[in-house]
Amino acid sequence: MSGSTFGTLYRVTTFGESHGKAVGCIIEGCPAGVPLDESHIQPALDRRRPGQSRLTTPRNEKDQVEILSGVFEGKTLGTPICMVVRNQDADSRRYAEMKDLYRPSHADYTWEAKFGHRDWRGGGRASARETVARVAAGALAEHILLQLFGVEIVAWVDQVAEITAEVDLQTVVRQQVEETPVRCPDPETATAMIAAIDAARKARDTIGGCVACVIRGVPAGWGEPVFDKLDALLAQAMLSLPAAKGVEIGSGFAGTTMRGSEHNDPFIMGEDGHVATSTNHSGGIQGGISNGMPISLRVAFKPVATHFQSQDTVTTDGDDTQFQAKGRHDPCVLPRAIPIVESMAALTLLDVCMRQEAVGALHKRMREQE
Amino acid sequence: MSGSTFGTLYRVTTFGESHGKAVGCIIEGCPAGVPLDESHIQPALDRRRPGQSRLTTPRNEKDQVEILSGVFEGKTLGTPICMVVRNQDADSRRYAEMKDLYRPSHADYTWEAKFGHRDWRGGGRASARETVARVAAGALAEHILLQLFGVEIVAWVDQVAEITAEVDLQTVVRQQVEETPVRCPDPETATAMIAAIDAARKARDTIGGCVACVIRGVPAGWGEPVFDKLDALLAQAMLSLPAAKGVEIGSGFAGTTMRGSEHNDPFIMGEDGHVATSTNHSGGIQGGISNGMPISLRVAFKPVATHFQSQDTVTTDGDDTQFQAKGRHDPCVLPRAIPIVESMAALTLLDVCMRQEAVGALHKRMREQE
Amino acid sequence: MSGSTFGTLYRVTTFGESHGKAVGCIIEGCPAGVPLDESHIQPALDRRRPGQSRLTTPRNEKDQVEILSGVFEGKTLGTPICMVVRNQDADSRRYAEMKDLYRPSHADYTWEAKFGHRDWRGGGRASARETVARVAAGALAEHILLQLFGVEIVAWVDQVAEITAEVDLQTVVRQQVEETPVRCPDPETATAMIAAIDAARKARDTIGGCVACVIRGVPAGWGEPVFDKLDALLAQAMLSLPAAKGVEIGSGFAGTTMRGSEHNDPFIMGEDGHVATSTNHSGGIQGGISNGMPISLRVAFKPVATHFQSQDTVTTDGDDTQFQAKGRHDPCVLPRAIPIVESMAALTLLDVCMRQEAVGALHKRMREQE
Amino acid sequence: MSGSTFGTLYRVTTFGESHGKAVGCIIEGCPAGVPLDESHIQPALDRRRPGQSRLTTPRNEKDQVEILSGVFEGKTLGTPICMVVRNQDADSRRYAEMKDLYRPSHADYTWEAKFGHRDWRGGGRASARETVARVAAGALAEHILLQLFGVEIVAWVDQVAEITAEVDLQTVVRQQVEETPVRCPDPETATAMIAAIDAARKARDTIGGCVACVIRGVPAGWGEPVFDKLDALLAQAMLSLPAAKGVEIGSGFAGTTMRGSEHNDPFIMGEDGHVATSTNHSGGIQGGISNGMPISLRVAFKPVATHFQSQDTVTTDGDDTQFQAKGRHDPCVLPRAIPIVESMAALTLLDVCMRQEAVGALHKRMREQE
């Protein structure tokens, strides 16, 4: 209950500090027999890792994953899977200068208040580097969801500062997202976003924005009311990400100004014989349970806390001081957030899937006996 | 893990269907020695219960709570506290007509898809009536937070349709909120909101909006990164509420268009000798941990699904049909959502409080031995 | 995590003090569609309740169960099931005299040390009366195990003081157990046990003994190594019972003096085509997982703490005093422990069953895709 | 919930197969500020590791632990601590011959039945090698318990086959235990035990026995009724160990033949001003909560399953066959079980300690406000 575990049946526990020896995770609850070796995980880490383009931090981490357990003859054993990524390009020197002050809107102060002892190198465990472990665990979850249920997860940069994309939830695919370094599948908007990020960097400043995500192929019935509703768990998943400040499902905040008669999604019979809806303001979730329509959500990320202008702050002794950031930092986290958002979606979905399968298996036995 | 339990150390498990015999909860983890009898809980239920004004449903439930266990001689025992509220004014007749169709944007279809057997009377367990149990448990949590830590929680209706209030997070108190039936502490806005709700009712339609909440007095150090960050848990708590479609902390979605140099909250020394910030875009939470500043959040609620216009839908057999709602329904859930949002905030806060106290107690022992 | 919840997927949370208003439980995770009303539960409570014979306490509790939630039209909904049993014949007067001292080998002192405030009436929550709730939840679990998997659970009094029964694990059925008031299926031994209990009562003393339990029909594959091995969970379940001081699986303590060559259970092919063993020293569990053979265990219960001889003890102020018990008490808990042991076995088994079904359902999907 | 996690607040999740790349664990919930580097853990692993004497398997593992996270400047950070021990001397060749049969009284069959895919090398995750991770995590727990609470844990070999030791629970210390290779602190009995083990080896057979454990210095108040009673959790902890078939607390099975008047432990005032008992049949636990007296327990271990006589069994295809063990195996696991039993005791105790501290901290605040 230390807060580093996510999920109930497909459970991930992450470990590691940004400049410590390694980051990684243990995955519990993965079924036996799933094909797995490092080659299934590495591509996801490569999508997340720094240094991919001029838009991201130049810290050069290979992020090579090693699987220590839970796999035999190329297939999972059903036992805990430990994955480790060694930190290699950590440069802690610049952090030594700032260890005696609190960087504004970073976690320095709150972690010190909480623990009394903190790793000031690179943000320690509060660093986004911890999400390496989430992506490793999420890659496996995503693979299982796709293979066994045909579930497809696509996230993209939907907004940078005030620039917003128009994307079709029904058709967008990952390949389109990967075509631009800013990971926006709408090419014209992508160009504008890149320009905005470059402008922020030149202004020694940073910008925020929104990531959107669609999950297609989820059958009706996933989600565990009343507290572990699918939307509630997705919200926790997304707001556990560094710099995330908001989340919305389906129509979200915009839906609050609609009338009920506009907002309701009429039920129709879908072409595949399943119940469907003719609109999807619900975002694929009703009463906390998936309804078979595409699940859609958006996550708000504040501008990166590390900009390169001088800032007022206090020292750990409580004296006023000025802080001037150094080091390597993304001017905008959005592009690198894409695989992380997808991973959190996958971890959430596979877990509610397995929770439903557990009772579903008994339901099936009951029907067979009637 | 059925999804009806919330919290780790202060844990609440709710039960009950809207038209079943009763709704209620078990609270585990409440410390011994807390003064408690029904009179501590009933006022919170009275704030939530229907029939309080013309803005809300006329279902007339007394919502009388009975405490079955965990209390002796007027104080908690540290053992599970079971609280029960009998359902008394349930009128299931009107629901019998619609048991064979799926009401649009309700949970009828998803619950049937998930469970195969559902209580169609009054929405069953998907009904907002389940939140009675949350309010009962939250009232106790709120009491403990206030008594032991001076934590104060105030929520209010911040937006109805397109009408938005201006409220001072530092000073707003519950008494102001309670002064208008719409529970908006800004009297002029309240008048406009009431007019909008009345207009919606006359149009046989429904409207949505936003609830805002501020939590003052939380010390720095509450929240459990990386997955159980305080903002992540608040997000889960709020999106587990019926009709909630979004949540934001501090600057939220609006903060995504700010520059880092504007958004960062400079640290200063507060008058009480604690570290503070001169702005509070972070909404009192940094790195997933409270920083001692007021915690602020907003929750988006979609318009109520039950309006009184005719709607297209399908029957449980998959045939097209028309649905015309009857029965007793709120045209706008926002006013009654206030005590529910406060309760979910209290449940979340007391739980992270106790998680911090558990390790804090050991930290203290260590310091005493040095 | 208050310690009143048992299980992971089929979860029971109990509440209630011996002389409080009620005892009861919430069951989470029960699948939807299981036939259930009070008549499925009451017989199990009737087997457990006091006043059944001269061997047990004369406290006269009807132990009438009421189901408050989770059931509709005679079938479970898949939502939390709350069951309540009101306490009716509680007589607290005699306890008032002893509220200022610690009864030897009772939980008075430890509960006061832990909580600082305790319900001294009838032992409060430390009373065996709490097990009413376990039996209610266990009765439902037992029913599901029998219906869906053919699992059969039979417990009996195997030892009273030094008198030991000889019982055939393969054939013993509950009807034989119920034939004598002492619940030993070996009639001659039962007679001797009854005489021993009567003698203890006449001597104003109490006696202990062992309960044995066999679980037949469990398929191979249930149990979750490495910590939630089936035997480990059964051990927790049994040692959570009042007065239990030991538990053994299969050959248990007696097996420690055997050679490996004697103790090992050779594998053979069973008549049903499944792998079996020709002996069963393992007690149906190998490596923490069921192997398809009958699961056997024994639980040691100390003599009842309340005898009617004068005892040395101290007051809550720390002064020496004498304690003389009054009130209504079983001279031997063994006969009434039978349905309780069976219930704990059922709760444990159904939970590991569902945990296996959760991954088993995915294994099946994988095989179907190959 | 895969079964590889133990504990609620001090939580350990272990991973690893016997002949995989590594075994290890993540510890969650360790408070910040505890001095820690590899040198605090290695001695415990050295006590457990094979090849220490002629009594144990000659597999030569250095069992060198590496801490990957959770520590900075020699002190814990309060974040997850990942510890890894690489497997180096695994020799899988001999196992290839037996991968197509089920070794009697091993976990080969049950793991295959459960998972459908198993690591047949060295028993895979069912191997006692997994306990390396428990000892690493337990060493840290033991250190914290000793430093902060003065809790002292001593286990020893109490019985080998029919040879039983007499040991004083009040005075026995670890140094006495370590004086003989069989880890029995009673030197004469130790000599007899060693002879018995040697005799079993010469007979190409194996033997079992009992480990006893005493825990001194636990304050009154640890343990979480009704399901997480301290004795119940210790029982789960011990029966989760490979080859364990029984556990007893205090008087245990022997206590079942005593009268209540003999068995009850009279309360007296201890020299330190705390309530104590003049006898300790309760084994330091009453009503599932520690009472301040030494906690005592015994664990029964069956004879090692791998002996070197020919055995009947079946192949994975269901054909009769003979199995003749090869490889390196302990004739008696008892001596190496000592640090493992101590570790499981430490993990259990620190967890209930922290659970009590969490509410105890609130109790203290309440008293301060009165």
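Letters A, B, C and D name the chains as they come in the text, with residue numbers starting at 1 for each one.
We take it that contacts are C-beta pairs under 8 Å (C-beta built on N, C-alpha and C of every residue); 3 or more make two chains touch, one makes a residue touch a chain.
No experiment lies behind these values; they were computed from the predicted model shown.
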Query raised in the report: Both subunit A and subunit D are touched by which chains?
Result: B, C
Query raised in the report: Which chain has its C-alpha centre farthest away from the C-alpha centre of subunit B?
Result: D
Report task. Measure off the straight-line distance from the CA centroid of subunit A to the CA centroid of subunit C, and report it in whole Å. Result -> 45
Query raised in the report: Between subunit C and subunit D, what is the gap in Å from one C-alpha centre to the other?
Result: 25
Report summary line: Among all residues of subunit D, those touching at least two other chains are 1-5, 8-9, 14, 29, 32-33, 78, 114, 116, 125, 355, 363
Report task. Flag every residue of subunit A that touches subunit B in the complex, lowest number first. Result -> 1-6, 8-9, 14, 102, 104-107, 109-111, 113-114, 116, 125-126, 130, 159, 161-162, 200, 203, 205-210, 219-229, 231-240, 242, 244-253, 255-269, 273, 275, 277-278, 281-283, 285-292, 300-307, 309, 311-314, 318, 320, 355-356, 363
Query - Residue ranges of subunit B in contact with subunit D within the complex - result: 1, 9, 29, 31-34, 78, 144, 147-148, 354-355, 357-363, 365-367, 369
Query raised in the report: Residues of subunit D touching subunit A in their complex?
Result: 1-5, 8-9, 11, 13-17, 20-24, 26, 28-29, 32-33, 66-73, 75-82, 84, 114-119, 121, 124-125
